[in-house]
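I'd like to ask some things about the structure below.
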């Protein structure tokens, strides 16, 4: 925990706050995939790509964490997959619904250095924080995003709108290249690893592990955005830890030390 | 604010109000400062401390449960030395009472911790002996289930410190009253009831047509624990003379009143803070306002002098 | 329906499916017939029976709690003779297994009840010994907290009946596994876990500026009890070889699967029926459908032969 | 429990059922007083005055019991006071909301014998089952209903519409006669007890006890509708009992033996 500063040299996250925000609307972007558009001026103006917000959902005992998908002016968007109790209730939110959020939380991806070429690698809903990064730094980014099937590709709408060159893969081949994101990534790295300065990845853990391995093999810097069940979201409960490769710090907290961490620090 | 005096003395710990943050849910006091000003609290209890640093349990560590959550953190902490060097100076800056929650592998560990903390003194206002953690192989519930074992442990710690000594009990015992009585006769200054209740979160797993499960064993906290915690406090109040600190599922000022009404002198709040990080900062004001509405000039007036300490005690 | 064989043998009680109504929540089987056809159930457990009729506790007897309720009924029942004369003939008409839940003031009471019910035989499929009622001065938890006392009690009942003998335990004990082991060695045929957990409902009462409380002490049931019940069943499964019947907070087919996944052979449902009286009638069908979807021809296939009884046992 | 039949000789209640009903609308009838209008054909057609329905309210663990206030055709009405968790949520129900109810439950007031003269005595929300009785048998009934203050008198709208001669009292004297219902009842009984064949009462327990005492003093038959916290509502949990004056049956269940019982059976 005392390592937090060295983990994230480029910037310290701003203090999180509570915001009583308001739902502006929701748009469906695929089967069980929706974007919630929220008026949240405080959080929207402070959020960095990779940071998350912690939403209270009616009487559920724990908040739910979601990456910031888009922030512009007063407007904050999160992209979510309908999964369980909480996200099912969220689908019922109508414009005007109060949204109680804590954020922005955690540490995001390091901003690009001048001239740095960054490849964003996203799997499914993992595209959310990457789309925010791509929209903020489009000239630095190219993206590879993978989905199960064509109907889900809409989940990357903000990324495409940002004008980031994006390669799509689908597992069933119904859109873009058939297969997983790791295939085109491996191909690009094999072709010319020096063309990629840094890889930012978010998605299912097996995908992250595979991306991390590829990056290491080719000596490319890699940051991953992790997910873990959370209680506090603010670093105090020690609930959201993942094992590290650093014997001096056996576990890191996804909420406060992450969610974005150097891929090499994670013991997969 | 309302000018209502909320102060209370819990076994020698002077609190400006009876609302404390529970151990393991408020870090070392500063992490949450952006969300809640620690100076508003009556006090807070630090994360369970052991002599040596502990890594805690391997993940997965938490799960949501009906009305609360289940955790198996397993006492991850920085250990006594780092605590004293790195955390305590930060704590000293907080304008609130700091109670240090301690655990050990053996009774002498507890005594050693008590001795070291005694030597430090300020800003430590008191020590909370955790003999009720359901999530560690050693140094948890084993010390808080047998009255004789508990007596020895508390007596050993008592002999090493003049700091106020609170003993935190588990609800998952056949007879909590007997345990509190043992702690009382060994020289404890207050009873804290309760720690989390042993519980499990289960995810059915199918391998083909065969059913098995992933099981997360841990401690239940939050709203669902409240009726159990209330029962423990109510039963303790009938026989134990020490002040009682109520903990378990408190999430609103009316919950606070329930615990105060049945005999608690103060309360701790954990899980509810996760959903509502500003709750702790709000409660003292809400408490004062509710008392003012009843025409009480002080908490003592509502609870009686004997329960909040003070001269007549 | 789906043609999935849901039958299970729980310590000698043959059930057509593993879904039972819990004691004290289904009356004597016919009261709820307009809402749920008893023939759909695997079985039901009758309200706690004592040798002599009992009036039960003075009201107030119940309160809602977060995620459930608290009751202190106190074993109001018609007594053995009226039960045999008036209730049993009605029960005989039900096409489902009837388990009779019994309590006593003394161990010989339990033995006497076991003996009398043994003499009756059909339609009684089994006896459930309640040694875990939190709501009576005598004949409740006192018998279910000390392994030696429990051993004597179960052995005495065992000596008087060849009917299957289930022992229902409290979650509010320091070590439930030890108690189950005692019941097992005394000849019990199955363990039922759990009864309600001791809890309290509190209403603050103001007399002028002085705070006091009305306290309802009783047993917690419903959703909030589920994590505690799951933990008990999971812990029991690691050491006890008897079949286990899971009870506590079950309210959906996915809850049923959680208990089956961690080692229960059958489940009982109480409090959830009050909010959803048709739940019990629906669950067996939902269970069968879920199993069919997994390609299971029988519950045995999902749980393993040893857990549902049958030839290979 | 075996006494249920003798307790209610005139009729056995019909078997309760579950009904997935639908809210038609709500009308405010006073401060924190509302009438919920529900399309519930099965229950509405079977309900007898004094019976109740048991409503499920979202995720609350226990149902909530409410007397039937009005039933006509498919339409069922309940009159409720906003009191706690459940009734507060009910105020948020909008037309079209599903209403999950079990009913009709319990035993109601005995129907009038030919020529019988019945006085309905209601306190506050206790007017609900009496209004239903009055509306069904107006020619047999006169009513005395008491409220705290004038603003609450709207809670008796169905009673007044039924054309039952109604005397109103308010505690603060802001409408009708000042004071409690027991004063005019006592006066009427003193004037001519033989003019009243039966008293039906519902309201706060001290009021019921006072009415029961008056009835006994004047030798007039009296039935009271009781309230108790309920879990099952169907007679199986034994949670809702009240002590009786009958040593052979120390407790009766409000839900199944009542809610309407002879006043003399209750140990106040």
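Lettered A, B, C and D in written order, each chain numbered from 1.
Note that in this section contacts are C-beta pairs under 8 Å (C-beta built on N, C-alpha and C of every residue); 3 or more make two chains touch, one makes a residue touch a chain.
Model, not experiment: these values are computed from the prediction.
Student: Distance from the CA centroid of chain C to that of chain D, rounded to the nearest Å?
Tutor: For chain C versus chain D, the centre distance works out to 36 Å.
Student: Please report how many Å separate the Cα centroid of chain B from that of chain D, as a whole number.
Tutor: The mean C-alpha positions of chain B and chain D differ by 47 Å.
Student: List, in ascending order, every residue of chain C touching at least 2 other chains.
Tutor: 65, 67, 223
Student: Pull out every residue in chain A that's touching 2 or more other chains.
Tutor: Not one residue of chain A touches more than one other chain, so the list is empty.
Student: Drawing the touching chains as a network, do you get a line, a ring, a star, a complete graph or other?
Tutor: Line.
Student: According to the definition of touch, which chains form touching pairs?
Tutor: Inter-chain contacts occur between A-B, B-C, C-D.
Student: What residues on chain B touch chain A, complex-wise?
Tutor: Against chain A, the touching part of chain B is residues 24-27, 31-32, 34-35, 47, 55-56, 58-65, 67-69, 71, 73, 76, 78, 82, 86, 222-223, 271, 273-278.
Student: Where on chain A does chain B make contact in their complex?
Tutor: Answer in residue numbers: 1-2, 15-18, 56, 60-63, 102, 228-243, 250-251, 256.
Student: Applying the document's contact rule, which stretches of chain C touch chain B when the two form their complex?
Tutor: 65-67, 70, 145, 171-175, 197-206, 208-213, 215, 217, 220, 223-224, 226-228, 230-231, 234-235, 249, 254, 257-262, 294-296, 301-304
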